[in-house]
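After this come two complexes, each holding chain A, first together with chain B and then together with chain C.
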Partner chain A sequence: MALDTIKISETLAAKWGARLGMWLEICARCGLCAKGCHFFQSDPRPEHVPAYRLKPLRQVLAAKGNISEADMAALVDTVYGTCTMCQRCTMYCPHGINIAFMVRATRALAVSVGLTPKGLASGLANALEMGNNLSITAEEYQETLDWQLEEVQEEMPEAACPVDQEGVRSMVTFHPRDIKFYPGNLYSYLKLYNAMGEDFTFTSQGWDSTNIGLFAGDDAAAGTLAGRVVAAGERLKVQRVVTAE
Partner chain B sequence: MNVYDLATGPLVWLAFALCLGGLSVRTALFLRLARERDKPVFTGFEPRWAGLSILHWLLPLNVTALESPWVTLAGFLFHAGLLLVGFLGLGHAVFWNQAWGLNWWSIPDGLSDVLTLASLAAVLFFALRRLVRPEVKALTSAGDWLALALAAAPMLTGYLTAHGYGDPETMFLIHVCSGCALIAAIPFTRLSHALFFFLSRAVTGSDFGKRQVGAW
Partner chain C sequence: MKRTLPFDVVSPMTVMAEAFREGRLKLKKHHYTEPVTFQDSCNFVRNGGNFKDARLLMGQVAGDFREMHPGGVHTYCCGSGGGHGLMSEYKKLRLATAKAKAEAIRRTGAKVVVVACHNCEDGIRDCVKEYGLDCEVHLLSNYLAEAVELGGAS
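Up next, the complex of A and B:
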């Protein structure tokens, strides 16, 4: 299938902004950001210098979106395969250039033509369809919370695990892997919030604190996922949302 | 009007007009673009964190100063030589005074010499770094050499003029022309970081600061 370069140029135009232009222009190619990047620190290849992640974006801009499939494959490799968007490099950059911001903009180009890497795409599909990126069911969610509450209650008989309680101070969201792989984390949250006497609740909707849409560079999906957390918080009339990661 | 008058009169005017006019236009365009399609530049702005971030990098109070001390030192020497001698060097101060009636501080010639040589040494260091360090080499393109040459030319020719190397008039003429080129190029090349350094640090400082992870 041929690459939809029109789509790429449209996305490019939509992503263009004051920060993007400024940062592309003033990068001094000094390489000081390399000290901050865990990719470069563990494997000091030139391609692992943070500023190198801007190359594909420059290339697409120079070609006004009209790039070859091979170049697009290289772009996907660079911006998904060699950057976790952790922003550490920004702390080392004299100009304060936000590489992650531009990597995300570049990822949007891949998203626009359906080239989100498979693993990420399936996690995102899960999140959109099931409300969390690991396809955890409502039963599994509640059972795991109940189970961990029982564990906590062995030490703290008074401990409670409110779900969907309205009007409390904090609505707690977390990573779905806490249900699937690390239920001990839920134990810790429960113990902590109960010991603190925090006025909190879990929520049956919008409880996945990860935003795979944001990470994938898919703005529409990112908006949907963030919107669910906001909607849950508004429905429960809480004062704040706590995100555990 | 001879070449000498042309270079020290209208050419200098033109260079400064391009520089200041260009920087004003670029600031206005940046703010307009930000207002139209990059709202977080404004909505996320935190004056305190922006200010601290700028300060931490105008002074060597940052993680890179610790982790890359030599590049940091070279960076400071380079900019100090360029700016101090550029604005306050005795020859320049006299020129500002005669041409535009401006009257400000000047630094003695001996100090200008030291600053200029240190600055040129920093240029050499940056050039070698670009050739030798693989990660910097991979990033380097023609524009980087151009920027380095633009900055080095007036300093080198200024030093040579002051110490009577070469034909005095030709050397001086090259000095003035390369200086004007440098000044005029600021808004239109990546030398625009003279302006965008502050805007970028304000944006990023605010961004990190509002998450309460310090003013980076």
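Up next, the complex of A and C:
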């Protein structure tokens, strides 16, 4: 299957900007960023120097998007496999180049031709389709809230678990694993929020504040996912949204 | 175009630290005695600048708190950031490159690593297991919830 190089060029053009161009231009390949990277600190290989992660982007630019499948596979391995976008290297760069920003831009090129790594792609598909990345149903969600509230009430009889309450101060969101795999976390949140007398609510919609779209480098998906949390916060007219831990 | 949100976005750490400062959240002083360290997350600390809240809370409940070096804005990634927790195709490399983090944890001598981020929870758990560290890993909320002082304004 040939790569859709037109798609790559279009994505590159959309991502292009003065900042990105300047950073590519001024990187002196001095290697100071290596000190900042846990990949390099743990396993000092040239491919683990953060500046190396700009190589695929340069390659795509030089080829005006027309790169081979092998080069594209190498791009995927470099920008997904060898960088967690932690931004530590930026603190060691004399120019303050944000390598993570460019890694994410490069990830977008892979996304544009459907080469998002499998694990990310499937979690993202779940999130888009089901409203959370672990495909938890509305019933499962509410049942878990009820169950953990009962548990907390044994310790704190007055504890409450408001859902979709409008006009409160804080809307508290989750990572889906809090519901599916670690309901004990939910117990802790309920205990803490009740103990501190916080004016809070959970929400039946837009409660997953993780964003796999952001990790994947898929801007459209990232916007959709973040937009759901924003919509929930707006609908409930809260003063603040508390992110997942 | 940039959009202004009609609400603030805050981390759970900030909410809990604020409630603690205001005296709404009562936590047992030095409830824990074992040596414990804290994993500063890239997003909350390096990018969010949220260093002090965790210290305030940990300082209250932990009798033997130990800073990790490097830590704070210089914290090493847990290894599970940027989607790495979900990409099994790169797991081997992820574990191999968690060595720097494992050494940082080992140097603290801590028996518990508290994390305030779900990605970090996985990353640190894998790191601890891979490098045979004698450490438990706990989520900050769980760690604090157990130390909540219930019953009346004490």
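FYI, the second predicted complex is superposed on the first by the 245 of 245 C-alpha atoms of A that agree within 3 Å, B and C clash if a C-alpha of one lies under 4 Å from a C-alpha of the other, contacts with A are read in each partner's own complex, and residues count from 1 in each chain.
Everything below uses one rule, namely that a residue touches a chain if its C-beta (ideal position, glycine included) is under 8 Å from a C-beta of that chain, and two chains touch if they have at least 3 such contacts.
What you see is a predicted model, and the numbers here were worked out from it, not measured in a lab.
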Contacts of A:M196 with chain B and chain C, given as first, second, both or neither: second
Touching partner for A:E140 - first (chain B), second (chain C), both, neither: neither
First, second, both or neither for A:A18, with chain B first and chain C second: first
First, second, both or neither for A:K35, with chain B first and chain C second: first
Of chain B and chain C, the chain that contacts the larger number of chain A residues: C
First (chain B), second (chain C), both or neither touched by A:C86: second
First, second, both or neither for A:G184, with chain B first and chain C second: second
Partner chain in contact with A:D71 - chain B first, chain C second, else both or neither: neither
Shared chain A contacts, counted only where both chain B and chain C touch the same residue: 48, 91
In the complex, chain B residues that touch chain A: 30-31, 33-34, 37-38, 41, 53, 57, 62-64, 67-68, 71, 75, 133-141, 144, 190, 192-193, 196-197, 199-201, 203-205, 207-208, 216
For the chain A and chain B complex, residues of the former touching the latter: 16-23, 25-32, 34-36, 40, 44, 46-49, 51-52, 90-98
Of all residues in chain C, those that touch chain A in their complex: 5-13, 15-16, 19, 24-26, 42, 46-47, 73-77, 79-84, 86-90, 93, 96-101, 116-118, 139-142, 144-146, 148, 150
Of all residues in chain A, those that touch chain C in their complex: 38-39, 41-43, 48, 80-88, 91, 100, 103, 117-120, 123, 155-156, 170-172, 175, 177, 182, 184-185, 187-189, 191-192, 195-198, 210, 212, 215-216, 230, 233-234, 237-245
